[in-house]
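First chain written, first letter: the chains are A, B, C and D, and each begins at residue 1.
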Amino acid sequence: MKETFVKQLKNVQLRKPILIEGLPGLGLVGKIATRYMIRRLKAEKFAKLYSPHFPYYVLVNKKGNIRLLQAAFYYWKNPNGENDLILFTGDSQAQTIEGQYEISDTILEFARKHGTETIITLGGYRKEVETEPKVIAAATTPKLLKRALEANATLSPTGSPIVGTAGLILGLARLKQVSALCLLGETRGYLPDPKAAKSILQVLQKILNIDIDPSGLDKQIAKAEKIVEKIRKMEEERIKRVEKAKKEDEDRITYIS
Amino acid sequence: MKETFVKQLKNVQLRKPILIEGLPGLGLVGKIATRYMIRRLKAEKFAKLYSPHFPYYVLVNKKGNIRLLQAAFYYWKNPNGENDLILFTGDSQAQTIEGQYEISDTILEFARKHGTETIITLGGYRKEVETEPKVIAAATTPKLLKRALEANATLSPTGSPIVGTAGLILGLARLKQVSALCLLGETRGYLPDPKAAKSILQVLQKILNIDIDPSGLDKQIAKAEKIVEKIRKMEEERIKRVEKAKKEDEDRITYIS
Amino acid sequence: MKETFVKQLKNVQLRKPILIEGLPGLGLVGKIATRYMIRRLKAEKFAKLYSPHFPYYVLVNKKGNIRLLQAAFYYWKNPNGENDLILFTGDSQAQTIEGQYEISDTILEFARKHGTETIITLGGYRKEVETEPKVIAAATTPKLLKRALEANATLSPTGSPIVGTAGLILGLARLKQVSALCLLGETRGYLPDPKAAKSILQVLQKILNIDIDPSGLDKQIAKAEKIVEKIRKMEEERIKRVEKAKKEDEDRITYIS
Amino acid sequence: MKETFVKQLKNVQLRKPILIEGLPGLGLVGKIATRYMIRRLKAEKFAKLYSPHFPYYVLVNKKGNIRLLQAAFYYWKNPNGENDLILFTGDSQAQTIEGQYEISDTILEFARKHGTETIITLGGYRKEVETEPKVIAAATTPKLLKRALEANATLSPTGSPIVGTAGLILGLARLKQVSALCLLGETRGYLPDPKAAKSILQVLQKILNIDIDPSGLDKQIAKAEKIVEKIRKMEEERIKRVEKAKKEDEDRITYIS
């Protein structure tokens, strides 16, 4: 394997499909959102992507079965007769600069081959404080951006770069005159963040006019919040211990002098 | 030399050969096991593999003779009329991600060219405590995995990645519908570990139904254990010294206050 | 996108054009100078350069519009009937060694295709003290160097390497018998340095016999100097605080003994 | 420039030429020795080698003239009717693993094209103590190694790798059945070491049966020794200062308690 390639599992005819991309990144936001949609919509896998730019290890499943790192394309036929969906997620992003460009390009070309005229990439956006997560939007066309803002997304701050596949696909899409939108859920980013994923899905279902029911993520959110709370307490106690030790040291020094 | 390539030294006809792979890795487990089999079975070298992804130095032997880093394929004709063996080991793994994929692919393609339908890769599996080494197994097919478990291997924990060539060959094999099994001997991993290699060979000879007599490794194991014991003692003494120095410091401070 | 490529936006006929190159580097000197010329001369964009060796992120503008990192060629028709200009600047330099060579080569080939016989690359040159910035010159031909020295540039010290695209283009140009000159404005380099850029433009307008009016940079220079002054004060105060704390510590120790 | 390439400056017919290679490395030993031979024998440059794997900067000479990093082939016609020489040295080694293999291969192929059947690579060999530098030898054939040992070289210790171009050329030469010898002058390696280079030349002139008169390096050796002596003294004084400060601290603490 010298290059990134796509292995098609099934031939499907799609009606003006929109590609939704969500590889792992900050807070796993894009991946959690995309996986949730795939399960919710019962989307079907129809192609796999492999790359020598993924990390050089393999994964073992519960049955001791091994597989390469990979990403996959799923499709969903829209019963309302509107745009079908192609959903894309996977195990990892590329590990090298050139790999990042190569994989983004491969995804884009696959989508174009299937008639895609609109792409929406999902990811996380780092925030420093604990607030309700906004959804940050940027796009290759004003029209698509407007749709996102009308669905309660917030305009991206100027100049802040969008790193990795979620960004590069947009950059490359613009070059090839494909409309593309990037939705980034605000997250602290140090742990998987289903709450940020939910906020993206709320925007996304308005844009797509599909019922995804993001509340199905609530259980996962509650669980994640417990973990965050636990870590916060451990950190607090660690700080108390450090301060106590420091105070004792100072007392002793004061005593000496 | 721009790419990994194989230099064939001899043409051989093999009967449904099984490829055994063991490049250097954690505790050198895979390499020690494979080399032991090569010597024990008097397997004969019939091809060499070179790669610009190996480290950029050469080795000098006892006679001052120089050679590139390399890996080699050996063959063994099974007198019982069952599967012949191809054994593969070498000096090093690839130093880059892309090199790892390229070399694993080259090994797999060479094996397929010689009619290989089954591959077994060997390696080490990190454990944190000093216990009898288990042999961890994962595979591309349930059938092959079952054979390993019946030969006393232990099912691999879910989700733990298998890094490097031993893993990638399985991932790539599955893509190309070749059955492949990975056997990893538990090891602390910081020193060459012939004991872990022996535990693999015990599993392997049951799977292959060949007598390899792994007890020939016992002398090497005894030697390795002496070294480990020596290091353990040095470490103990170092800790004692540190603690003593610490105590003296504390005494002095107590005295001051 | 596997390779660096140029996307031509418009076909233009240029008269013996001189290429001016200024990608971001030390103190952003080359980029500031080139951008200033582009605005001043109202040069028009006619080609874009993309590369998988640029960093793997995209930029968002004020309107939430996204684009790939890129560089661009602008042209300016000289009303005096002398050499036209091609001006080249962009978002970033290549991130890998091979990328640096590839991008420099692509720029050079584009320039040659448009009949360029002379190239001038701009950049920063690190100095350790705060003095009026000199302009350091080096070239591929004595004739071109002489023109720079007559325009008040200073001969480059021997042996000091010129790093990045500004240097490599000259090295490659010499190989292909294109005359090339490098002008480096002295700068501390830790902040954007419009003063160093101005000093380059003063030399450049003499060489090119064009009125660029570098004084248009004065406002930007005043602003930059205020920032430098502010940082200097903050640093001074930090040092004072550290020294005070140190003194207090010493006093206390003295008191103990 | 995508690949390493050789630019031939002049066509020359050589009689069974021996290639001598000495790129910069440990203590610059190989480069100093090769350059000395080039000057001594008045060898003439006849080809240049360029590579995108060299570092991405250019050099400026005394006249402000710029050039790419490069390496060059020189030839010397042997008046005794014995083997002619090709001498190869340059500014730098490759910066990547793959580049190291590519450049070594390019040098080897150029030498073969000119009828070379014997290659001698020169370099440094790290030693920890200050003794008369021995010359360490390793080779691809016993015959060539014997010639080196008879000329007072010392057999290379087993297992110690030879890093970089000086080693890789031998590894690749052996693959292509070209005889090759590596001579490494012992050196501390942290400064240019003409003494180690001289020791190599003394061995080399016996092997080649040419008078190179290595004593021409004596002035450079004396100069280098003065620098080493100066550094040694500075280091001694630094240690004394540290020890004095430490003692004062201890005195004070003793006083406290």
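Convention: a residue touches a chain if its C-beta (ideal position, glycine included) is under 8 Å from a C-beta of that chain, and two chains touch if they have at least 3 such contacts.
Note that the structure is predicted; figures quoted are calculated from it, not measured.
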Subject >> Set of chains whose contacts include both chain B and chain A >> reply: none
**OP:** For copies chain B and chain D, work out whether under half or over half of the interface numbers are shared, and give different or same accordingly.
**Re:** different
Subject >> Equivalent-chain rotation between chain C and chain A, CA atoms, steps of 5 degrees >> reply: 90
Original post:
So, what's the distance in Å between the C-alpha centres of chain D and chain B?
Top reply: 37
Original post:
When the C-alpha atoms of chain A and chain D are each averaged to a single point, how far apart are the two points in Å?
Top reply: 52
**OP:** Name the residues of chain A that each touch 2 or more other chains.
**Re:** 256
Original post:
Based on which chains are in contact, what kind of graph results: line, ring, star, complete or other?
Top reply: ring
Original post:
Which two-chain combinations touch?
Top reply: A-B, A-C, B-D, C-D
Original post:
What part of chain B is in contact with chain A in the complex they form?
Top reply: 97-98, 100-102, 105, 137-142, 145, 155-164, 167-168, 170-172, 174-175, 180, 182, 256-257
Original post:
Which residues, counting only chain D, touch chain C once they are in their complex?
Top reply: 1-2, 7, 50, 52-69, 95-96, 252, 255-256
